[in-house]
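In what follows, subunit A forms one complex with subunit B and a second complex with subunit C.
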Partner chain A sequence: MKILTYNMMSCSKKQCVGKGHPLKLDCTESQTLTQDFQLEFIKNMIPRLDWDGIRAVAPMFNINLGDNIEGQLENEEFLKNLFKLVVNTKIIKGKLTCPSCNREYFIENGIPNMLLREDEIYQDIKE
Partner chain B sequence: MTKRYLICFSGELTNFKLPELESIAKIYNIDIKYDKSAWDNVDTDNDSPFLYIEVNSEEDIVKIAKRSILIRHIYEIFSEGIEFKELLNGLNSNYTTEYLSDYLIGKTFKFEVEAYGRKHSQKQKLSIMEEFNDTPLWVNGTACMKPKPEQMENHIRWFAIEDWGRLGKDIRKRFFGKRICDGGRETIIKFNLTDRGYLGTTTMDPELSLISANMALVNKGDMMLDPFVGTGSFLYVSAHYGAYVIGCDIDMKQMKKQEDLNLETNFEQYKLTDQFLGIVLSDNSIPTWRMNNTFDQIITDPPYGIRAGAKRVGPKDNRKDVVIPLELQRDHIPQYVDYSVPEVMKDLLLLAAKTLKVGGRLVYWLPCSATDFKISELPTHPCLRLLYHQCYQGLSLKWGRRLITMEKHLEYQEASDDQLGQLNPQHANLRSIVHPKIQDNNNKQSLN
Partner chain C sequence: MSRPEHIAPPEIFYDEVESKKYSSNSRIIEIQTKMSERAYELLAIPEGREGLLLLDIGCGSGISGDVITDAGHHWIGCDISPSMLDVAIDREVEGDVMVRDIGQGFPFRPGTFDGAISISAIQWLCNAEKSHHNPRKRLLVFFQSLYQVLARGAKAILQFYPENSAQIEMITSSALRCGFTGGLLVDFPNSTKAKKYFLVLFTGNNGLYSMPKAMGVNDDEMVEEDERQEQVKIVNRNREKGRKKDRVGVKSREWIMQKKDRQRKQGKEVRPDTKFTGRSRGPKFVGKCAGFLLLRRIIKLHLKLKLKVEFIKCVYYGAK
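Up next is the complex of A and B:
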């Protein structure tokens, strides 16, 4: 999964709605892709991104987005770096942790497992 | 000034053609005008594959045609009528002799016959062409059967077109004109299932997948989601039209059957890997998306339990109050319970209401009975507006499936249960429509 997909995700638990993101990412294996910069697409995505999540993961992949994100949305150099992070970075293996309930979700072969266990669902119904 | 063209649609899937046409015009922001009474004639024996459409320029109609899966050809019509005489008189009175005789100066042409509802022999075609001898058109120009690519710019394809109706009984209309371009049907070949590496039993055929993407207004730079992705049919076609795509499924086996043959290798086969954002193992009754206007479209063929029952994560009675030990939690495979179709639908609409952008579309397939369908049986949500429900594909005399298109027209708001529709819907028990006998037996047993 690419960082963009990760950025759209949240904890699956119902009690974490609204506070289950950004998920804390521990990435043990990743891959850098080489797609050409797509200006229109990245501009399209900007209003949809969770900037706390972007800020948290950019340093892990040695991408420097600067301190003042809101001020740079028209800056092409910034947008290229952002594209490199969200579209050209693929997480192969790692772990996502909910900031609210600390539930851990594992990523294997590039696919995050966001399923809950049946006992978690049952707890949820009881609560 | 607008220009008028004649569309010749594919003879199949007739009730999909107008919704597809309108959707494509919306994708490119093109104004179209046509006789709306065409909506009433769809899917009867009287249905015609021909439709006049008005657009602002030839460029507009070519753009629409290239994207359309159900348009076969576009013509500019010079004359029409039922008898040849009428057709020829029309041609000679619509245009001056000078205009017609000068039309082909410096050009090559080919004259062909196309008939809907009848198949003409070569001899019959020739005699039809001979009916057109009496026009000044043929004064200039050179006939050319196989023009080279560099000649195409000055090559005109004349057509005598006949409409004999679906049953081929009586002549309904004859047209004479030139072909402007063909539709986008060759895209179907690119996604042909026999050439696709990774397939499953429920893989949607490419023509219907492409139409679904058109109905959902998939465009370059969009972000598209299929929450019941299976083998990914909707992802490939949406990526083909330039969208970035994400798929979810509750069943890992569906998405990644083998290491060297899976959803991802299909993307490589189609050279669309750049557009692939990833797949997520997730249950749509507990979706993993944060609430945000994230997706431009959601296209899906939800699980309906006709072959196998739909499932969601949940405890069966024997596992209630059983807590999974900490050391086994990581690799625990959850227990599944039945996921009834009304619940599947309710969760799908809730997902769309929460995660689509305003103006984004939800497009999904719904099995239903061939004979009695009521709009009131569809699920509803106050943030979603029903656009098209007419697209019905019959799969047997008793049942088929409908392509439902909805638009998110309001920002998300909570909905009460009575706003969610589908009161006692037929799809609550699809097996009873598809396998009426099984149902009868069950009833008998329960009576006994």
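Up next is the complex of A and C:
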């Protein structure tokens, strides 16, 4: 799972709507990918990124984005570092924890398991 | 004729053996790729636009996702079958995948995606796999959540295999109840072989959309249908070796080079040729012959499924 995906995710249990992110990331194995820098994509993603989530994980992968993120959105070096973090950093093994309900989701073989149990499903939809 | 949905729940049906067989069968790859290309076309992303983030619903081993990658976009896929996703990882797809039952909605923040496609997956939601499953509820959870995770103005194109008209009704009405506009598009409605159902959904809220046109409805488009049928026939004829005319295989290196040449002539920007151009993205596995008959049955289902629904051509919804 790439950091981008991690950043877009949220716990989807009913009681966590609106506060199920950023998930806490524990990473025991990661991998660096080599996709070419794509300016268009990173510019498209910037308005959607959750900067708290970015700040929380950048140091784990030794990527320095500086302190003042907002001022740097046109800075190419910053954008390249950001791309390296969100697209070229992949978590192979680890764990995600919901900041609201503490539900843990495990990542194995690069695949997070986001299946909910029966009692966790958002069931109160009106028919 | 039995359908996969009647045999077992998806995560059981698409077990390790079936997932590998599915993903290494060249006919399945070709059919899924064609439908994915059509779905991508229906998203109507302006030509030259790249770098979007799309959702692939029921992504399986990533055959549909490859089409998104080839168009220059990124994707995230959800699937309930861990074995299918393992194959996706083995095939080194460029998108990201996660285990998730789409009947539980999506675990993403609102407005994450620029669009969504789904190929041959959502008919599974019409079945109750577990005692606590209620298909109507699951469809509503699915569409409500899909609406949320799409950016405003984004579209979703969902190809599916309805079992009967009641399923079509159930699926479309659930989508419309959750705020989507759009409707059902049927390509080649008069052909049992080429007929394909696409649910075309818009998140726009002011009715400013227009349904795309179905293929193979008018006479002048019949040519295209013949072509399609021809392709199906060619595929079928593969067994009688030697009679087939030389035709460059779609996605072969040669085919890609030809396509790139065409695009260069049109003055388009084309990725440089490398030794990886047209390299096989799989299949890395060759299934054993055990269960071959079952496999044949499944291919038949995908190819020749005779749908009981005959009338619905193109239903327009939402333009109240």
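The rule is simple: the second predicted complex is superposed on the first by the 120 of 127 C-alpha atoms of A that agree within 3 Å, B and C clash if a C-alpha of one lies under 4 Å from a C-alpha of the other, contacts with A are read in each partner's own complex, and residues count from 1 in each chain.
The definition used in the following text is that a contact is a pair of C-beta atoms (placed from the backbone, for glycine too) under 8 Å apart; a residue touches a chain by one contact, two chains touch by 3 or more.
Keep in mind it's a predicted model, so treat the numbers as computed, not measured.
Peer 1: On the A-aligned overlay, A:Ile111 touches which partner chain: subunit B = first, subunit C = second, or both, or neither?
Peer 2: It touches subunit B and subunit C both.
Peer 1: Tell me which partner A:Leu4 touches in the superposition: subunit B (first), subunit C (second), both or neither.
Peer 2: Touch partners of A:Leu4: subunit B and subunit C.
Peer 1: Output check: A:Gln38 vs subunit B and subunit C. Expected answer is one of first, second, both, neither. What do you get?
Peer 2: After superposing on A, A:Gln38 lies in contact with both subunit B and subunit C.
Peer 1: Looking at A:Ile46, would you say it contacts subunit B, subunit C, both, or neither? Reply first, second, both or neither.
Peer 2: After superposition on chain A, A:Ile46 lies in contact with neither partner.
Peer 1: Just subunit B (first), just subunit C (second), both, or neither: which does A:Lys14 touch?
Peer 2: first
Peer 1: Should A:Leu73 be classified as contacting the first partner (subunit B), the second (subunit C), both, or neither?
Peer 2: A:Leu73: touches no partner chain.
Peer 1: Which positions of subunit A sit in both the subunit B and the subunit C interface?
Peer 2: 1-2, 4-5, 8-12, 21, 35, 38, 40-41, 44-45, 48, 50, 87, 109-116, 118, 121-122
Peer 1: With touch defined as at the start, can you tell me which subunit C residues reach subunit A in the complex?
Peer 2: For this pair, the touching residues of subunit C are 50-53, 74, 76, 78, 80, 82, 85-86, 89, 94, 96-101, 104-109, 111-112, 114, 130, 132, 136-137, 140-141, 144-145.
Peer 1: Contact residues on subunit A for subunit C in the complex?
Peer 2: Residue list for subunit A touching subunit C: 1-2, 4-5, 8-12, 21, 35, 38-45, 48, 50, 87, 109-116, 118, 121-123, 125, 127.
Peer 1: Quick one: in the complex, what on subunit A touches subunit B?
Peer 2: These residues of subunit A touch subunit B: 1-2, 4-5, 8-14, 17-18, 20-21, 33, 35, 38, 40-41, 44-45, 47-48, 50, 87, 90, 104, 106, 109-119, 121-122.
Peer 1: Spell out the residues on subunit B that touch subunit A in their complex, using ranges where they run on.
Peer 2: Touching subunit A from subunit B are residues 220-223, 244, 246, 250, 252, 255-256, 264, 274, 277-283, 286-294, 313-316, 319-324, 329-330, 332, 334-335.
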